[in-house]
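In the two complexes that follow, chain A is the common piece, with chain B as its partner first and chain C second.
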Partner chain A sequence: MHLINKISCRQTVYWLTFSFSVIASTLIVTHTSQASTASNQQVPQALAEAKKRGYEIAENADLQDLGYSDMQVNVKMILLDAMGRRAERSLAVNTLEMTKDGDRSLTLFLSPRDQKGTVLLTHAHPQANDDQWLYLPALRRVKRITANDRSGPFVGSEFAYEDMIRQEVDDYSYRLLKSTQFEDKPAWLLERTPKDIHSGYSKQHVWLDKQAYRIWRIDFYDRKNTLLKTLFFEGYQQYANAYWRPLRSIMENYQTGKKTILEYSDYRFKTGLTTAQFSQYQLRSQAH
Partner chain B sequence: MMSNGSIISASLLSAIISLLCSGLYLSTAASAHEMDTLWDPEFGIELSYFPNTGYPEQENSNLSFCGQLKAQHTLAQASSPLRLDLFARYDAVDKKRTHWDIRELSWDYQPSDQWLLRAGILQQFWGVTESRHLLAVLNQTDLVENIDGEDKLGQPMLNLAYFYPSGAINGYVLPGFRERTFPGRKGRLRMPIKMGDAHFQSGAESKHIDWAIRWQQTLGQLDLGLFHFHGTSRDPWFELETPQPLLSTLSHTTRNNAYYSPKIRPVYDITDLTGLEAQYLWQSWAFKLELLSDSGIGPWDRNTAVTTGFEYTEVNAFNTGIDMGVLVEWLFDDRGDNAPIDRMSNGWFLGTRWTMNNFASTQALLGVIIDDNSKNWSLEVEHRLTPNLLLTIESRWFSQRQSMPKSGWDWLNTLNQDPSHKLSFLQQEDYLRAEISWYF
Partner chain C sequence: MRKLSLTHWLLCYPKTALVGCLLLVLISCSGLAKLWISIDYQVYYANDDPYRLALNSLESQYGKTQNAYLVIRNKNSKENATTPEAIQALYELTQAAWQIPFSQRVTSVTNYKYIQAQGDDIQVAPLLDNPVSLSSAEIKVALQRLQQEPAVNQLLLGKDQIMTAVNVGLHLPDNPIAETRQVTQYIRNMLTDFKQRYPHFQFFASGSVFADEVFAVATEQDLLTLIPLSYAVLIVFLVILLRSTRAMLLVLTLVTLSVTIAFGIKGWINPVISPVTAFAPSMIMIIAVADCIHLLNGFMYHRRQGLTPSAAVIESLRLNSRPVILTSVTTIIGFLAMNFSSSPAFHDLGNVVAIGVGAALLLALVMLPAFLLIKPIPVTANASVISRFMPYLAKKLAQYPYVFLTSSLLLSLLLIVGISQNKINETFIAFFDNSFEFRQNAEAIDHHLTGLHRIDYILPTDKAEGIFQPSYQQTLAKFSHWLRQQPEVAHVETYSDIIKRLNQALHADKPAKYTIPDKAELIAQYQLLYELSLPYGHDLNNRISFNHDATRLTVRLWLTDSAAILAFDQRVQNWLELHAPDIVQTQQKAGLISQGIGIDMMFAHIALNNIPAMYYGTLVALLLISFIIIGALRSLKVGSLGMLTNLFPITMAFGLWGWLSGQVGLSISVVASLTLGLVVDDTVHFLHRYLHARRHQGLTPSQALTTTLESSGVAIVTTSIVLAASFAVLAASHYTPNAQLGLLTAITIIFALVIDLLLLPPLLFLLDQRLTHLSVIKEVEHAPH
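Entry: the complex of A and B
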């Protein structure tokens, strides 16, 4: 019998690469407090308008990453609990841009050392469940796993699988809440609602700057509509003269008091990764 | 007697090593790319406790050490890594369990995205089920490591693979043969009988060149694999080497025949194996099938074995952050009670897997294999103590309807009268084993 299923690895990490670039804005909404004076006609109209704007922003944000081709990054994950205990994991994440399908990602587990050699491969699909495979070095076995439920925690962190994966525009419906400031930067506040019934969230509030569509903060509301977690991004830098990526992200869980910090280093773009390196049939060759 | 030397012929080993060295030399000479070698050593201490007394000379506890060294040598900008995986174990009680093995020593050569050539000593796992691995037929089982059959010995092979978008075709040439490892006289979890030297059906003995071909295909949520293997069966059958004793010799207990016990020898026949595997994913379910058809070894004609079942996983069960899995598998062999000793002929596996998703990555798997005559339980737990220390606990307990045979002859009589009790010798072999692995 095979113990080390590492189901916990099902949740992937490609993640950050994208989740913050999904939303953006290109338009200016003169958002007056219509609600208070709104007639029966104006309310649905204003709502429809906010939804339309929200979607357009998300679509435009998605375009910001167009043509990144492929990316590699090293991720150090620091887990902190309410008692101040700490654990670390380190990962190497490769992603490949696909034009006719969702992007592909390969997550190599480097530490803790007993998990070294484990590889998680994900093929994202915009309109369907993702496909996932796990390479288990102890048995030298490639195991295809179900990627149905995305609400579970990723390797004991405060990130759920759904926080980590490539966010496709059509995974959510959107609503522009208001034009605002985020730490002196002109910003948008969007609300997005997951379409996936398995999502652990009822909604998310997303702050992104108007200048470059960078996400700075996401509030996650659980199924009971209570604030569950907040994710902050720090230290954005531009790579390959085009793509903004953060150096740090911090996820705080208000209900458990736990916190997970991700530190990114050594971003590399357009290194010439090929589909063969993201093939389930060749997964074993990718393991280190 | 250490049998490692005979496992792979020395000449074959040297041929492989020289091939690998030349590969290394060529790749080194061919480019001035920066070189990168990763070393991953680990060391383990294992303690076992058997609460029940076994056969004479067997002990109730055991201490063992093991070491493993993995290395990968890569050339930047080249997809031709060299891999090494060395394993060694020292066992304080069982001399046969003290052994070493080259798990892998291989060279990958990938001329294009579609083609891959692997050469050297390799391990190749096939199959999808959890309770047994019918289809992992290329590598010999390292039985002294664990009776679950998941530890395999390195196998010399040449593997050519062709990949296409929805599948792959692999061809294998397998020179050289590894004999299964068996516990020695003092080892636990063994048959109550002496093990003789291996015999081979082929005149080429362990030098018969085997081959295999495998096709795999993905159809949406369905994965299929079909293979054929021709060569020396990794599963032996057992032949009685000692003649049945005469009553007269037994009644005169001289010094020699006081220890008179029957002796069997493993016989490795040439066989044809055809295997099919299928896995279908639906929501949180994985449905699995393994089917193996064997043209027959020893006393058996063509026969078929099946393992099939499902695994259901509840992610974040009851909102606790814990992943909980349920496993059910049916184990079948059409030879019925006459099936080989390690092959359940008609039974069920029920299991549950827990992944705690905590800092220590605690995981547990509890399972039981049930048939008409036995219930065999197992528990495996993993828990990380520090970033470099991993604790593994394993326990099995066996509940057989028939009591432990008193001697080898007693067991053979049981086999003759009612072969369904063939595993009765496990009755006293319950154990608890703890291992601490240090990664440095």
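Entry: the complex of A and C
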């Protein structure tokens, strides 16, 4: 009898402690959740503001390039893997500024040898799928690239085609994350989310300096929202007294350990390229 | 002399000795926190293993080869997995698979990039994108076309259409312990969700992450079941043998502490626990118990003779410490010989057990007597069945030595003949018994969809851009055609299939144009066109090297064993040498291995390489142990006789194995060196006692035999039974390599007992009688003290 009493006494103490801790924790949880709902009400406003500022910054960055009219550049692409194996390709890229539509670009493959003379023509469209054609010199024919899901790596590199070309402002929605520093330069950190559902990315983080809106770094997050790769830009120089362009850009893939370096040379602006040169019907003649 | 002073020191300061031992345990305990179970079956391979290096090199270039494989099957056995509802489920599963952590590529029939002509252009797009909008007839047509694709058939879609699958390429970091679990758990949750949404279908998963996981699960199961089982067996035997709960508890404490020290030290040296090492605690316990039994038996014997506890301790130590040290050293040598194995996992097992045996020896010689001095255990009267049987056996042995000799020799010869039945072979899937979901899934998939074994071949050319050469592509096409005709082959994934398909599509889908183009530029430019059409996670980077000098070809084989995999690979080598000499020459020039690459190949090779490695290891152990025993017995003839008879149990066990199973895999191949150190113990005890009787007691051979069997015989029989029974319990492991290791070790120990009782005594008896007036007596007379 004495034993039973002792046990029940212990049990009572146990249950009292248990229920007390349950009540206490419930109280704490409700309290904190109330506190968080209070702060939540301020969040939508702050978010809208961050989105607005983000979009403004992206627009400003785009404005810096306004009126460049056309540009030509040679690109050397260096591919490296985690074990130090190396491959090279070289390209020549011509871009034409369009006022009412997205920019047009011609990518001429100079090497590898068996792909020499191949030309890729892109008509970018801010609100719709881009149009792409490829001229195959071995076939002497222009083929339209019909896939609308083109987020794969460009010629085996760590760049997707969308990472290489100038992006339209309206390809993304934006959010200003913070005002920060990038290597001693005052900079913005923007988050941009691709609007195209076929994009290989869930989001990108972009660092641009406040002085000239040059992009210095982009972090790419894959569809699962994990960091996939980072693109660094180096050696910005000003051309035609207006337009800043990098000498190198380096893409590092964290998941595969591979790296691709683009080395730009011989930038030329306002060389008088015309829309006719960027027509799919003229593609054959551009190859030479 | 030193031992004597140690005994005196013990007598004076038993508590200090006890505390000292406990301190040692505590210090080594700190290493326990560092231990972790490895999920990576790369623990089986040395860092410089050429096949492991080849796999690393492949993965750095073409991406990691890890994958998960999600399968859908209709629960209604009359219907297949291609009904509109099934295809919708597959479509959603494919979409969901992109969210699997570390996923890099996701392919199924619903997102397969089908290449076809579209007017003058080509289209590279899935045929079953958005299947809700398609009628069942349209789905049927699409599936028919997809079934023609070599990349799809028997990988993503079964030939009989009973199963469809999503193949998910994963990119896990190195040593993916937590990550593998994260992935498998994510997939399990995902499939549970799909099972609820699509109750008419079965969803299950396989692939390399699940293979990795099943290794870890097997390890954990072994740790959780084998250790308690070993304890249970030991408790039963100890209670029977010692007839004292306190003695039993004392022995259990000592063994547990030995295991703790061994694993504590392991934590400092090499903190990885592999499935093989999971076996070590049980082994240490079993072996440590033998030491304790010898010392305790001696103590109790002398107590029964009426000695005081401290006098009994001194006597027991005086008589038993020498053979206990001797047998421990031989056991340690046997286990250290596992370092000859070609698999680091077995080095680890050998080393940790060797440390454990060392620790057990120390504890048995210091802590056990110290404890007995502080708190003597009560002694009960004892008269075992075995001790009553021994004089009878001795009498019969002396009466009919030839009968025993010939019959036991005949029996052993009959068994030894079975050795020829053994083949070096390993069946990966049979590592796991049917209780593993992994095995059930793999067998179901093997039945309806594709093979589990994956072999990669890297086919280089001698220059950059060489893969665009039509001759190379032709070879590739011929090679894959030949491969597809081989009976082992379930699926072949090759780059030349894509080029042929592109050529056809660019020629208005004419079937006659399903060929390799005749110009390198065409191939290169078709590829460029194709690559520009590919989305994220479908690129060619896993098939072609980035400077276009090599391609990777993946073969999947139906479930089979390592011997068949190696034989297949050899046929592939022969074919390549005959039909693709350029590729073989380039491989040789670049120092690349020409054999297949991948985990399955690594497994096949390691079983094969381990046999010769362990053969040398066992030989070295045998020589070392022989020297020690000959030295310890101070008789070359008797010592060599003892060693020779010890070859019998091992060869007999392998002979029996040949008759029973005939498959010698990685774990079986280490049994010889493992058991050598154990089985030799009985012989040591036997011969030690026999020579003692002949030399010091001046008994005749027949008298000496009787005395030996009466005294040492009892200990030999009891320890052998304890050891064999405990190892036999390990056969309960669901992880077959461990189960087989336990079983074969138990068999070897039993054979050793039989040999020591039935072959060794008559042989010794006869030899001794014949030589009585010649060398043995001389030797005995001239032997020191």
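List of remarks:
By our rule, the second predicted complex is superposed on the first by the 248 of 288 C-alpha atoms of A that agree within 3 Å, B and C clash if a C-alpha of one lies under 4 Å from a C-alpha of the other, contacts with A are read in each partner's own complex, and residues count from 1 in each chain.
We adopt the following convention: a residue touches a chain if its C-beta (ideal position, glycine included) is under 8 Å from a C-beta of that chain, and two chains touch if they have at least 3 such contacts.
Small disclaimer: the values here were computed from a predicted structure and weren't measured.
Aligning the two structures on chain A places chain B and chain C in a clash.
By the touch criterion defined above, A:Thr274 reaches chain B but does not reach chain C. In the superposed model, A:Arg140 makes contact with chain B only, not with chain C. By the document's definition of touching, neither partner reaches A:Leu190: not chain B, not chain C. Judged by the touch definition given at the top, the superposed model places A:Ala87 against both chain B and chain C. Legend: residue contacts after superposition of the two complexes on their common chain; A:Asp149 is shown touching both chain B and chain C. By the touch criterion stated above, A:Gly257 is placed in contact with chain C alone, chain B being left untouched. In the overlay built on the shared chain, the residue A:Ile165 is in contact with neither chain B nor chain C.
Judged by the touch definition given at the top, the superposed model places A:Gln282 against chain B, while chain C stays out of reach. On chain A, the surface touched by chain B in one complex and the surface touched by chain C in the other have residues 79, 81, 85, 87-88, 112-115, 138-139, 141, 143-146, 149, 151-153, 155-156, 200 in common. If you check the complex, the residues on chain C that touch chain A are 57, 60-61, 63, 98-104, 118, 120-125, 171, 464-465, 468, 506, 519-526, 528-529, 531-541, 544-548. Residues of chain A that touch chain C in their complex: 79, 81-83, 85-88, 109, 112-115, 118, 120, 132, 134, 136-139, 141, 143-147, 149-157, 160-161, 198, 200, 222-224, 226, 255-257.
Looking at the complex, you find that chain A touches chain B at residues 1-8, 10, 79, 81, 85, 87-88, 111-117, 138-141, 143-146, 148-149, 151-153, 155-156, 200, 274-276, 279-282, 285, 288. Taken together, the chain B residues at the contact with chain A in this complex read 38, 40, 42, 70, 72, 79, 81, 108, 110, 113-114, 116, 123-125, 127-128, 130-131, 148, 150, 161, 163, 167-168, 216, 218, 223, 279, 281, 283-286, 313-316, 321, 323, 325, 351, 353, 355-361, 363-365, 367, 378, 380-382, 384, 387-388, 390, 437, 439.
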